[in-house]
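I have a structure here, written as structure tokens, and I will follow up with some questions on it.
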Amino acid sequence: MIDLRMEYVSPEGLRLDGRRPMEMRQIRAEIGAVSKADGSAMFEMGNTKVIAAVYGPREVQNRSQITNHALVRCEYSMANFSTGDRMRKSKGDRRSTEISLVIRQTMEASILTHLLPRSQIDIYVQVLQADGGTRSACINAATLALADAGIPMRDLVTSCSAGYLNSTSLLEDSAGGPDVTLGILPKLDKVTLLQMDSKLPIDILENVMQLAIEGCKAIANYIREILLENTKQLEYRRGV
Amino acid sequence: MEQRLANSWRMPLNDNKFIEAALLSDLRVDGRRPSDHRKLTIKLAKQDGSAEVHLGQTHVVTFVSAQLVRPYKDRPNEGSLSIFTEFSPMADPSFEPGRPAESAVELGRVVDRGLRESRAIDTESLCVLSGKLVWAIRVDIHIIDNAGNLVDAANIAALAALLTFRRPECSLAGEDGQEVVVHPPEERDPIPLIIHHLPIAITFGFFSIENLLVIDPTNEEECVMTGRMTATLNSNGDVCAIQKAGGEGVSQRFIMHCLKLAHSKAIDITTKIKDAVEVHNNERALRKIKRHPSSVAMDVGGAPAGIGEKQNQLVGVEDGTGLDKLKLKEEENFMECEATPSGQEHSKDGNSKNFTGGPSSWDPYSESVDPDLLKASLASRGPSVPPSKPKDSRHETKPKEPPQEINTDLSPIDKPLTGGQSNEGKTLKDAVKPKHKRRKKVSSNNEN
Amino acid sequence: MVGLSLGEKHFIQGGIAHDLRCDGRKRLTYRPILVETGVIPQANGSARVRMGATDVIASIKAELGKPSLLQPDKGKVSIYIDCSSTAEPAFEGRGGDELAAELSNALQDCLLGGKSGAGAGVDLSSLIVVEGKICWDLYIDGLVVSSDGNLLDALGAAIKAALCNTGIPRVQVAAGASNDEQPEVDVSDEEFLQFDTSGVPVIVTLTKIGRHYIVDATSEEESQMNSAVSISVNRQGHICGITKRGGVGLDPSIILDMISVAKHVSEQLMNKLDSEIASAEAEDES
């Protein structure tokens, strides 16, 4: 195990997939992956590929849940074929319940829920391929889908993860070692999601976090571009 | 999620404003300062591996148990640690029986991540036979009363329970060294888990007003606050896990500030847990000292009553703490020869047999006293043992062995934490081996 | 669930009676079919099929397994369909399970042939590695990403495309293993075998609305159906399976009529699909 990790960053400072420590995997996003939904997006980070669909704002389905804020709900699911070995797990295991909760609360932090009283917003994320960083990819896809659905938001939450191996901070590290997943509101420069496991001294964590924030900001720029492009296309189609 | 809003108690707006306004002047409704914890009480039960934690009104009980299982294929040399949470509906109206709610799942995952991913528990030492048998440690967390900040309370309770937990010792036997012998507790002292460090969870509450935070929020504060972060750190300042699942955004600088605060809190709590565990271990050691004379004074008859239930030994035992090592040894030898009459006559035998199904229902001493009786009882017992287990093959040899052992726990005083291992050399290892076969059945039942 | 006003309902029904549907199609015209293969690199074969707003993904994973005792000379194929909640909020949690089970069963009936495996779209005996010992277990997973009617036809097309895309690794069996031992195998990661997919049927669902029936109904049209019949037809024009899915009873003569129509339509669909798959494969390889 240890040996494997030692080899993970080569002497030339490259990772197994040939990336430099600060290099992100290739990202690709597409708006409108699910035509029936009110808003939808596909987000790819390397081999990780997720689809998010947003339904709403619409009438609250369960009357007892009506409040003067919008009710945000989220469901995370993984396709059977998304992992290397075929998954036989049913929906709603502990991991996906937790990720649903994390995504919901993260999106809630950016949605202006007080503008949409007595309404409900459903976010569904579906993992098509899992190759590390699904949590981040889901949040990025959900942001795009919410923007596509025209839901008022404070900011575009973006998420990225970073790891730490061989005394090097690594952006978007999918195998072994500590893993810090971060979600930020880039304009406000605030951290809304922060999850980490494994063991790291406080000062090193600060560096890793800084790197993840840089990653989030890069993704935020990309997401902005995609949205702008999408808006331009809509404008063009309308013939404005 | 469906019940999330339906059942949760909604805070009156006035209370809401009151808490926020008070916090602005560094006051909390229960009189604490923002960075104070509520009163923490850790109660450790006499039984190993069980802890009860009160954090203010929040009440959490934790039990640890171990079981021999087959390891995961990808980790043949590692035991496992799993955390289960049980939210009692009486603890909070929003907990409903049946499928665990999101919060229960999150609680379990946060505690689990803090303990497991930081490798706080040495799982490799839980391996008995590579690829075949490992110990699976199971931590059951029961929420008895919810007055806010369940994560911290559950985490402390889990740590305290793990620190006091002892698993039965195992050794390998048989020609190929593939047979696993589980030693019952009175034969070889159970071993505590190897715990490298204590990851302490500290929960912060954030509010919509910038740079306002509380530590250890009560449930009223949990209703008001807009963000929560649980940082799990050990006393060395290593961050083992962080969970901030969305909610109010805070700046990175503020998070670092929180982490530093959490570090100092973690040191305090670590001391508290360690103190509680030390007191527990001292008590445990004291109980042990009293136990030796019991087996001496009552001869073999006394021993059966103690199987699996060391605590019982405390009652009705003559004081004999002054006995030294040598004397004990002599008396053991004496017992080996003289066991027959006194063992069978002793009234305690009957008592111990009343423990049906439990580990103490089996009485090795009186049986081994009379080989014929033993053979008979063995024969009748045989079929009940699952035939697949390797240990059964050794049953036949058993009666030929002299009834050698008595628990010779010779270093009772320095019991804490590593005490278990230091004892193993002193037990009468070779002589007792055949007996373990039967014991294993008994003690593994116990674990199940 | 589709909520339609009375006017909309009449419009749909009237349009179908006049052979002009809401989106300008004729009764027996399909929506444009888009096929993309190799969308899931981790799988042995995969394809995504889009028909209008209906979007499905099929993936095929092959695992080495043991053939069943009853059929030692055949491999195993199983089909699982999952309805993602992205397609419809009603599929949340266990909500999609019912439809998923219905689709899985219908696809198994249409594609897998009888219990013995005779007439299956995939030749089960081609999945055998060592008779009675090792075979390939083929797991076909379908995922409904977006649903706008006609899921069964789309899933059938996606599975067909995914099968064309599938490469099964060549397996070397170590010689000299005795009879009762499990032989050792060497799975090649360079050489792949293609399936013979010429026998895989296509599924044509005819939805009866009013006195006429249409192919490739959208979900609005499906909400107006009287009854629907799914017919799977292979390249020889043989019927591989018929499922009547819900709705009112049908006169046998109508079913016979439907079968002949389906047979006719399936030819066009098959050709269309084959050319789409071929071009998608060419694109995937480039």
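As written, the chain order gives the labels A, B and C, with residue 1 at the start of each chain.
Convention: a residue touches a chain if its C-beta (ideal position, glycine included) is under 8 Å from a C-beta of that chain, and two chains touch if they have at least 3 such contacts.
What you are looking at is a predicted structure, and each value in this text was computed from that prediction instead of being measured.
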item: Excluding subunit B, groups that stay connected where the other chains sit; value: one piece
item: Chain at maximum distance from subunit B, centres defined as averaged CA atoms; value: C
item: Innermost chain, taking as reference the mean of every protein Cα atom displayed; value: A
item: Inter-chain pair with the most contacting C-beta pairs; value: A-B
item: Length of the line joining the C-alpha centres of subunit A and subunit B, rounded to whole Å; value: 38
item: Rounded Å distance between subunit B and subunit C, as computed from the means of their C-alpha atoms; value: 53
item: Whole-Å separation of chain centres (CA-atom averages), subunit A against subunit C; value: 32
item: Touch list for subunit A against partner subunit B, complex; value: 62, 64-65, 67, 71, 73, 94-95, 97-98, 100-109, 180, 183-185, 188-202, 205-206, 209-210, 213
item: Residues of subunit C defined as touching subunit A within the complex; value: 39-43, 46, 52-53, 55, 57, 59, 61, 63, 80, 82, 84-89, 92-94, 139, 141, 143, 145-148
item: Contacting residues of subunit A [partner subunit C, same complex]; value: 33-37, 40, 47, 51-53, 55, 75, 77, 79-84, 86, 91-92, 122, 124-126, 128-129
item: Residues on subunit B engaged by subunit A in the complex (per definition of touch); value: 1-2, 4-6, 102, 105-106, 108-109, 113-114, 117-119, 227, 229, 233-234, 236-252, 255-256, 259-260, 263
